[in-house]
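Take this structure, written in structure tokens, and hold onto it; I'll ask about it next.
To keep things simple, chains are lettered A, B, C, D, E and F as they appear, and every chain counts its residues starting from 1.
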């Protein structure tokens, strides 16, 4: 079956899922966004994602012309319309991209000239690029470029003006083609990955940066909640490269992979170079929470 | 006649000028860009714009799969195909947007998976929103947000990840719905406008920030060249809000309007509150250079 | 009755309350200060204000040539001498300004050449400019200028070199003539208002910046104490404009108004645009603490 | 004869030169200022001082309710009225302090409620604290506190909110009771003295910081002009403590002393520890310019 | 008896304890280090020191070619071989310096060309320079230079590239020849002493900077542990000069002296100018912990 | 013949060239340094190197107890004593390392307890690690760590506390084992290489950073002088990674290799990927200046 995509009120087949090149999504990347994933075809924390999307729209003054409830309903409709595209053991992304709509060169870019462009689509949760990291851990690397600071653009406004992240990611690929970025802020503090948050286990405490310099990730929150449930002490604090280099365990959190262990950092091993016990417990707890063996689901894609 | 737009090898009518919502232009705003304008239907400094576009692509590792010469030829073809849309006294924009092409959530964003998406179009040079500023000057206002610093993303890479600029512009519109932004960098130094450069005339010297914190604008370069030709001393230096507040004259430069005088700055008058002699001489010299009375062309649109 | 003012040992009538234009208060603003208010004519937390004043004098090496106890006694005498100026339902400020005394151009400004100049006066607690904000909330706005950083002058030294605050306040008045400033520090973190501290209620937690970048306000401490008494969790932390824009409630604290709700922030509504329940509970608790309906006292002045 | 002082329209004897303690000069140090000096009883560069004063008022929105010409006339009248107080060989300061006028606690501090308070007075040019430095040079010392940055308050707005300067000066007096401050900016670059500018002679070039981080001193401009007249190359540039420590010569410029040589810097000698030839030439040229032996006039006061 | 020193596998008499001037210890200060002290000739927290040393080697990629256990054994052997040099009431340092070994100008400095140079020696714990501070407190002074920031070199990598610390220490000696440095970081926050950590007692809470800008001192950790045992609340937080100036008590911690009270700060008294009760309790608890009266041991050296 | 090394007054054979492990060179890296090279066995700009060495000693308060003239004589003696070690076509380094001498743990590190330790030696100018770069250019790479800022330690004090440089160099070796570092300062501006300065040719102008953030290299000065002689315009200015990425040519300067072309920068080609004409002209001019074909001398070592 052809994938169906929602664009501003219409459900269209994937190959027709196009927008005008004059849309502000393309012209000035005035697009806020969310990426939710399903477990067993059920969206995970969809309410939190939609709430954050509305916070992003509040800050950017994009008016979607619908309520969160309406958006949720449409989202579930898009999912329902596409469910048959995914096999039993498969899950999918649900992506929201909402732009300010039509843009005209020379016109006031702060004005929403008409309706927002609301794009919602599902996508097979393809975990092949990360799956092996569940077994061997990934290589976390710091780029030379620094995070856009909050006083330029708060990273909690989840948006699609993402070139700085892509550039940072390119830099770390110079070190290792499979490297995952650990972007530092202007003070050299660990901020975030191009699409995820960063955690370290240090002397038994699970630490992650505060949201002063990074996205307030839904997966980040889930990891903290699970740790608290498991009795693992947690701390939101400043982390420096030294902390990651000497940590017992390091991992990333993000919507698609939930938790991705890192066993190398800037060319050195993390801990003993193996995926650590706290990481494993959290992954297991997450799997239990969602009723899917997260690791097995991913590994099945590459075996 | 319908406007014809070039998209990745094809010339299509405007209403069909669409790209996939899975394009990286929309997904991650990996899009470099140029906006050239015509005078008498002839592109102004097209070579400089194309050269800068290739520098932007070098930095972002976007591969357009054509040479600058090929791109120039296509550009001129697009212009030629649309010339009949514009009346004798009208001019147009020629906009280039080139993205990394198809994007897939979860795939490595640094990889160009296939062909770049090359979008080229013309657009009526509609100067109505600025025209009155040639007579009365605009109100330049500093937003509270700060420029993305060069160590996060160099502003000389002209790109479409522009949300920080839009946010800054929204802030200044709180002060005055017609305000034009004077964005400061992290040190509080004057950087740039959301789409232009900033100049001040101080004790007879034409000053503008160095390109450490702003786009190396083609119009900026033109203004400096004209000043030198006219014997007006120029200086690329640090400017602070104090400098604009006490300057004799202030103006912006940008492709569409060339030179836009500012007669108010943060609520106070600039100089004597009238458009100054250096600004006028530069505008006249620019008009002479291109064989069009720039001011009259704009004013004709609102009278 | 004429208001009586204390100046360096003497009680003088208001119209004679003058000091030499050669005083360092005027020449270099070497003046530390406190503003206490009364409730039912009784000074509120006078001991805390006097203790902070002595800390400010320790840092600035101003020698008042009296003990805190002596200063307190004089303060109460000034109040007693002026009580008959205020009606039953009225309250007043008690202001301390202590400068380093006589200044001579060219002399070493760090030397206290003689006695400090001690100025103490009361002033009708005129709440008319804030009263309506208890009903509708105020508009909180961030200026483009940044707080003087602590390594230039620690804001906990409460002093009268206040031009940077006045300038910031002027900037926000460009947005709204009734705007109240939310000054950011050099990192873009929320610091303080020109004369008060800033709080946000976020997911049920009452948050306010640490005193790294702001005055350790007596009203700030009172708000935190009341919250703790009411079982409202509190947190001293970094706040960013994003936090205020997405907070459920925002308010200022300061000596005259105690708590001033903000229902707009940078042009957008805070929460649902109405004064929130935590703000109301804190105001009620404060009223109970001091035995005055704070809101009614203010509203009575404008009705 | 008693010194006569001008206060807001009246000429009053010195001992009556008082202003209300409710003036904004005292309440919030909203006071802009200039200090001019005379040579042979003639004001030096009075026009430049008055022009800068009006720039300061433009930025602070203080309205003196008179034109520069009127202010100049009053200034000269004040000087004339006091000339008989100074002996033939003496000179004097002419100090302008202009505040926003009456201030009321709780009222909007940005509003000028009535007339500005204009204070103008002369003062014997007492050079005793600096005179010996013409013979032996002074000790220049860097404090640990840093300049108020321009994005908090531009130092070119010459104003009386000077506590940060006094604090810095106190710090250097810990090193040497006669030390003169060399305040650094937040980057550690040399900014200015608490009341003067800083110069270094390095390999024959006279260098001084740009005005990005310091007052655009009238004496600073004079020193640069004299150097250019004498064929000494000049450069406005970044200076670091290393530059002063290894310079051939270091000196300060300020209105009272014109040029004050420094022969020690942070405990080490500057150059060979003696006042250098460029310093001497500039002092001589300045003396010639004003028709007074500046050094002898000062030394006469201590011999 | 002659002191015996361990150098890379050999135990040599002190006067033969030399290394090649081509060693990287001298050529590029690629040397990590620890300084442990004994109490009653028993090393205090040697395991913690060795663990930190291995963390430093991990970050600097120095390979000691032995395990922590082997290094510990050698360390204890060095101590045993030298014990007879110290009298009953005496204690000693145990110093580890491990460099990357041979260096050649022009060769890649990141390559360890051969064996690391392992230097281990004891040294009489000579406390004479600090002993009097146990009675009268020391003078803590802030230098004008700022800490090397963590993004240049993390201070938790305990190493011998210490010129910045020596320079800062020289600066504070300008204020007082016995001054102890309180180095600030680039934000003006209290970081560390040239060889110790800094604590303040404020309203009954023992506060010290987090390790974002300072060494994670073993003595620092001990002080925090002892405080917790004694029921003294502790907080790792930002401290500013204002905090030290207004603190009730201030002290340093470091291996040799454990706790060194400061009774002056930047020329002013700390608290009442006497060593405070919390400092005394911690010193007593430490003495109890190690079975030595720390203060008496030191005082005995100067009486 | 055995190489003879000068150590504090004595000429000793290389294998005896050792210093005490208690020397401050090892204990705290209080060592200033110079590296001169010979051409045709004649030292190049030895006077400049010695002058800079004395400036470094002035700042660090190391007292060599000899005059520059005496040091120069000893230097030439060391060279003369070793000349027979080098073949006709060979040249050598002359390295000066001067430390503060003996150090004792716990003693005041700022006091020079006795004689400085003066180490002078020659070393074969082994260019094998760089030689191929004259043919193919090297790969210049930016590390993620940032330069020690000038307000922590001015890089113009040429010293041996070099761990930050070694760490940066290790980071770039992760990208390419032969990479040469382009270290950025805290603002992200190009500063220097771990042992050299950085130049770019941009539109025909030879640009290099000012010495605000880097060593004032003797080779840097030579390159600028040669360019001026050749009529190549030069500019000392801010350079950003963007400038190097888009430059026509990039090269490093340093004592051993004089000029080392870079043909790759952060994984991309510089210019057309070949060594450029300006680089070649400068190398040729340098060869002419010193009477040696610099490139051939190096290439001979690897062929």
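Just so we're on the same page, contacts are C-beta pairs under 8 Å (C-beta built on N, C-alpha and C of every residue); 3 or more make two chains touch, one makes a residue touch a chain.
Quantities reported herein were computed from a predicted structural model and do not represent experimental measurements.
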{"item": "Partner chains that subunit D and subunit E have in common", "value": "C, F"}
{"item": "Geometric centre distance via CA averages, subunit D-subunit B, whole Å", "value": "43"}
{"item": "Distance between the centres, which are taken as Cα means, of subunit B and subunit A, whole angstrom", "value": "32"}
{"item": "Residue numbers of subunit D (touch at least two other chains)", "value": "59, 61, 145-146, 149, 151, 157, 184, 188, 241"}
{"item": "Pairs of chains in contact (touch as defined earlier), listed by label", "value": "A-B, A-C, A-E, A-F, B-C, B-D, B-F, C-D, C-E, D-E, D-F, E-F"}
{"item": "Residues on subunit C engaged by subunit B in the complex (per definition of touch)", "value": "141-146, 171, 174-175, 184, 188, 241, 266-267"}
{"item": "Residues on subunit D engaged by subunit B in the complex (per definition of touch)", "value": "55, 58-59, 61, 149-151, 154, 156-157, 210, 212"}
{"item": "Subunit E to subunit C touching residues, read off their complex", "value": "184, 187-189, 237-238, 240-242, 245-246, 268"}
{"item": "Touching residues on subunit B, where the partner in the complex is subunit A", "value": "5, 7, 17-23, 25-31, 35, 59-61, 93, 95, 97, 99, 104-110, 119, 121, 123, 125-127, 129-130, 145-149, 151-153, 157, 159-167, 169-170, 173, 186, 194, 256"}
